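For reference, the structures are reproduced in the following blocks.
Below are two complexes that have subunit A in common, paired first with subunit B and then with subunit C.
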Partner chain A sequence: MREVAVVAFAQSDHVRDSSEVSEAEMLMPVLHDVLEQTGLKARDIGFICSGSSDYLAGRAFSFTMALDGVGAWPPVAESHVETDGAWALYEAWVHLLTGDADTALVYAYGKSSPGALREVLTRQLDPYYLAPLWPDSVALAALQARALIDAGVTDERAMAAVAAGARAAADGNPHAHLRGEVPMGEYVVHPLRTGDCPPVDDGAAAVVLAAGDTARRLARRHSRRPAWIRGMDHRIEAHSLGVRDLTDSPSTRLAARNAGAFQRPVDTAELHAPFTSQQVLLRRALELEEDVTVNPSGGALAANPVMAAGLIRLGEAAARVQRGASDRALAHATSGPCLQQNLVAVLEGEEGE
Partner chain B sequence: MLSAPLVVEFPFTRSLGPVQSAFLTGLRERTVLGVRGSDGRVVVPPVEYDPVTAEEIRELVEVAPTGTVTTWAWNPSPRRGQPLATPFAWVLVRLDGADTALLHALDAPGPQAVRTGMRIRVRWAAQRTGSITDIACFETYETSGETSGETSGTGGTSETGRTSRGGGVDGAGGTGETQEPYEGQAAREAAAAHTGEFADAVTTITTPARLDYTYTPGRAQSRYLTALAGRRIVGERCPSCRKVYVPPRGACPTCGIATAEEVGVGPAGTVTTFCVVNIKARNLDIEVPYVYAHIALDGADLPLHARIGGIPYDQVRMGLRVTPVWAEGERHPDHFRPTGEPDADYDSYKELI
Partner chain C sequence: MNKEPVAVVGIGQTKHVAARRDVSIAGLVREAAVRALEDAGLSWPDVDAVVIGKAPDFFEGVMMPELYLADALGAVGKPVLRVHTAGSVGGSTALVAANLVAARVHRTVLTLAFEKQSESNAMWGLSLPVPFQQPLLAGAGGFFAPHIRAYIRRSGAPETIGSLVAYKDRRNALKNPYAHLHEHDITLEKVQASPMLWDPVRYSETCPSSDGACAMVLTGRDGAARAPRPPAWVHGGAMRSEPTLFAGKDCVSPRAGRDCAAEVYRQAGITDPRREIDVVEMYVPFSWYEPMWLENLGFAAEGEGWKLTGAGVTALDGDLPVNPSGGVLSANPIGASGMIRFAEAALQVRGGAGAHQVDGARRALGHAYGGGSQFFSMWLVGAEPPAA
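Showing the complex of A and B:
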């Protein structure tokens, strides 16, 4: 099988409100950054894939406007997923594996500031039995947190420790929104306090993938090594929360197994856990030992641009591999309520590269 | 920076298959139906395809309107559209006779009155139409003297001014319609076969959705719209290819780089191509047929589109010279009208068609 690697990663600063810029204006510096790292122009890229959601923007086909920031002339090969950009990266990875292209640009963005994110996300729910009740995203996560507490898997103190850990880690991440000590705050939806919930952010991220020797050549520009994607898989569970065991994430575990995550231990894991309780759950599902560095970026609890937060997990994990801070990293992305859909990738650096 | 409220509303009308139709019609008739899966489990709310085998399933059974909380979350600040306007608990409830849980709201005085494992029952909406909201909410239903001082009785909750979105609720008790509880093994056996047939079955539902946004067009389009209000039309020149884009979107879609140099264009321009509109749009006070055209403003390298007025629709032609018309007090041109100049030479606009 063809070898494919992440060779560059860039992201915006993640902020509560970016109303002074359009999506294209927010995205463009990130695209320029990631292309600059590789020395490629948009027209040199073999395949372009993006992730975003019209429901955040409140406008149909909003991703076509963002394409202005890429430069789509002469014509480019482009695709879009209406979900987190991690799934756009998956599509691009498959595209490169087919041999149709040697390079791919993957980007994702989300501006949550125009709307009320908790309400917007209810529109991804089953329209017959759930959406008419408008159960918001925090409420659904709180049902899962309560199930975990009742099962003895975690408690409010342990969840607060996850939040504190995320903010402390984010001290080293200039792009993060929440850094340092932040009070846990009031209950948003019991048992979740403000500190258990992610910030609501606007932001963007981009990754360049490349195959084989092209990856080695592009990574060498900055004396980095390629972050080879050793495996990647994504799995989904039943949509209805009432048929799932909310204290477990079998889809994450299966995706991880298929991605090869259990073949050898990883040293780093970037987990897409917007809620503290979900980070506890994912660590268990992925059987991560105490010595694994989890979310050195601060994770989604420190910066949460919806639709880009999953791609950022892949980018952060790859960046650590590229600069030698990790040799074998796991990256996880999620979508849907209570970890409904999960994607896992394993990234490795090779010695001597 | 400009901003404006943007409301997106969409009443989704959906057809129901035989299973969902039976379930929602049943709710209208105060009957809760589930479906039996291949493994014998009773799924409530019912699904059309087996969760294990994906085969079509149709074997309907009736379950009780009483059940047990499997997990919960206290919502101190109800949001628009949610089942109760006063603080309430989200619950997953496994109805007696069912093996899976249903998401809904539980009316309770506070989080201290809610616990996993507590017994609750359906409170029906007074007006029922065949919708998940025919269940106004759930209420506590402790048996064998478990009702303590901290849980208000079922009668009490509806008398303390708690409001449901359904516009009132049935009085609990005293109507002769309150069913006896099902419990334990008796409950399983109580999941009795049901034909799913009702008079006047509900076959479609309309799910209204409304999301509120604050639309901000970003830097470039704000400048464009502000200039329009002052009866000026401005574009932006790409620093690389030197083309002038109208309206400007902050990026050159060809070069993928930021544009910032403001350039005044027009106001007159040339019709490059056009179409005749024969269907009247709803809420649009324009007589059909009318002409919608691409107009290359003088000094612009990209045509914009607008309605042509002041000339019979069948006399509009390529090359026609036109100029914008602002209605009194309007922030943008209402339409373009002929200037009376001779038509532009084809070669002068052929690159812009």
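Showing the complex of A and C:
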């Protein structure tokens, strides 16, 4: 298999409300940043892929404006996934594996501020049986948290500890929204309290991928090493919560196995767990030992720009590998209610070869 | 780079109609998927991954419907990748699926695209709210009509060309059991007498709003060897995008379309598309786009595309048949329309197009575009495997 690496990562500051800028305006500094890191221009990139959602933007074809921001002239080879940018990275990775391109730009963005995110996300449920009931995303996560507590997998105190850990880790992340001390807070939907739930954010992120010697050359510009993608896979589960075991995440485990995550221990894991209970669950599914550094960025509990939060996990994990803070990192992204769809990538520094 | 050759071994479509009130969205996509699997002689466990595309989620009012469709697509426990590149999405989706096979990430991939437009109103789903777009620019026709007028002025084409295309495609559709519009009493005079919607686009020169789905099974060399029916082989595929509007954009013949075609021809070793390609399935939602795309795709010199149409070259029995299926003008489940073009091209080189089969078709081009003529996806398929 062709060697492909993450060679650059950039993100915006994630904020509750960015109504003073359009999506393209929010994205452009991030694109400039990530390209600047590699010395490439948009026209030099072999393939471009983005992730976003029209339902957040409130208009059809919202990604066309973002493409204008990229400056797709002369015309570019480009595609888009209507989901988290982690899947855009997957599409770009496959494209590079075919050998048709040597570099790829991947970006994702989401602005939740124009609407009520909890209600917007109800529209991604089964339109005939579930969506008409408007069960919101926090209520569905609470259902899962309750199942985990009832199964003896976790309790409210352990969940609060996850929240505190995330906010403490985010102290070192200038892009995060929530940092420092946070009390357990009031119940939002029992048993989830304020601290168990992610912030609602606007934000963007971008990654540059490159293959083989191109990756080595681009990474050298900043005296970093490439974060080689050793494997990547994603899997989906049934949509109906009634046919799923909400205390387990078989799709995460399967994706991790196919990505090679269990072949050797990882030292770092960036998990896309918007809710504390989901982080507990993912740690179990991925068999992460206590000595693994989990979410050193603070994770989605500290900054949660929907549609970019998964790509940010890949970017954060890669950035740690690039600067030598990790030799073998796992990155995870999720989509859908209660961790329905999950992606796992394994990233290594040069020493792993 | 040593890529796995990609073969189309299964194709399935639904009968495209104005409203499929008898099936849910899940029922609609499953119908196409089951037909594609039957055509390939495969069953659900043979599928390693699913790649699904559709145009804006607003068309059905479901955000990221692939999540809810995982069960209907037999995808539980498998990877599902969702693509959305506006009107070109059906083509882009097939290309993303083909890459999974070409890169040897998966052996057999089910790819599917759909639109169930009856769940909402595409006309207004496409009329973007102020301030994203100027007011009263109703629907896609309102956006494209000025570009058509620019083409007519630039090329000097007679005003009858648009109606010739519509008449041809609607008659071709009579031979295609899956086409939405079966207008048995169509005449050229009726097309020309139909109401003017967006000058110069008449009602009968406009695509319908359809419910429908299209699916394909893609596999590699081993899978093709086991297939019960002849495969279609992918010889070239590409996507190109450019900004929506900017000073210097050629809305009549966008450079992204020209570049995309050039890249596909390069991969397929085509140097003279007019002679080397036997049949074209082209994304023509408004009739005038046939002569425009004939030029954009390199089948005619600039300003000359309408002459091919006028001389009957693009008719079913012509020298270069365009849209023997009846095309987008006869069935337009938007998200699926691009994949239908790709699939119909594959049907032609497999010799499986039935009454609208072009005799001896060996190489066919499938073409899709979207957005403000800014997103393009194309593939070229052949009856023979590509040279190693």
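Following the convention adopted for this analysis, the second predicted complex is superposed on the first by the 351 of 353 C-alpha atoms of A that agree within 3 Å, B and C clash if a C-alpha of one lies under 4 Å from a C-alpha of the other, contacts with A are read in each partner's own complex, and residues count from 1 in each chain.
To be clear about the criterion, a contact is a pair of C-beta atoms (placed from the backbone, for glycine too) under 8 Å apart; a residue touches a chain by one contact, two chains touch by 3 or more.
Computed from a predicted structure; not experimentally measured.
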item	value
Contacts of A:His95 with subunit B and subunit C, given as first, second, both or neither	second
Subunit B versus subunit C as contact partner of A:Glu78, first or second or both or neither	second
First, second, both or neither for A:Arg167, with subunit B first and subunit C second	neither
Touching partner for A:Asp68 - first (subunit B), second (subunit C), both, neither	both
Partner chain in contact with A:Val120 - subunit B first, subunit C second, else both or neither	both
Which of subunit B and subunit C A:Arg230 touches, first, second, both or neither	neither
Which superposed partner A:Ala238 touches (first subunit B, second subunit C, both, neither)	both
Which superposed partner A:His272 touches (first subunit B, second subunit C, both, neither)	neither
Set of subunit A residues, in rising order, touched by both subunit B and subunit C	55, 58, 65, 67-68, 71-73, 120, 123, 127-128, 130-131, 238, 240
Subunit A - residues contacting subunit B, complex	19-25, 28, 31-32, 42, 55, 58, 65, 67-73, 113-116, 118-120, 123, 127-136, 139-140, 142-147, 150, 187, 189-192, 238, 240-243, 246
In the complex with subunit A, residue positions of subunit B that touch it	1, 3, 6, 8, 12, 14, 16, 20, 24, 43-45, 47, 51, 70-76, 79-83, 90, 92, 94, 100-105, 111, 116, 131-133, 205, 207, 209, 211-221, 249-258
Contact set on subunit A toward subunit C in their complex	1-2, 48, 53-55, 58-61, 63-65, 67-68, 71-83, 87, 90-91, 94-95, 97-100, 120-121, 123-128, 130-131, 233-240, 250-251, 254, 335-337, 340-341
Partner subunit A, residues of subunit C touching it in the complex	1-3, 24-25, 55-71, 75-86, 92, 96, 99-100, 102-105, 125-126, 128-129, 132, 238-244, 246, 254-256, 259-260, 371-372, 374-375
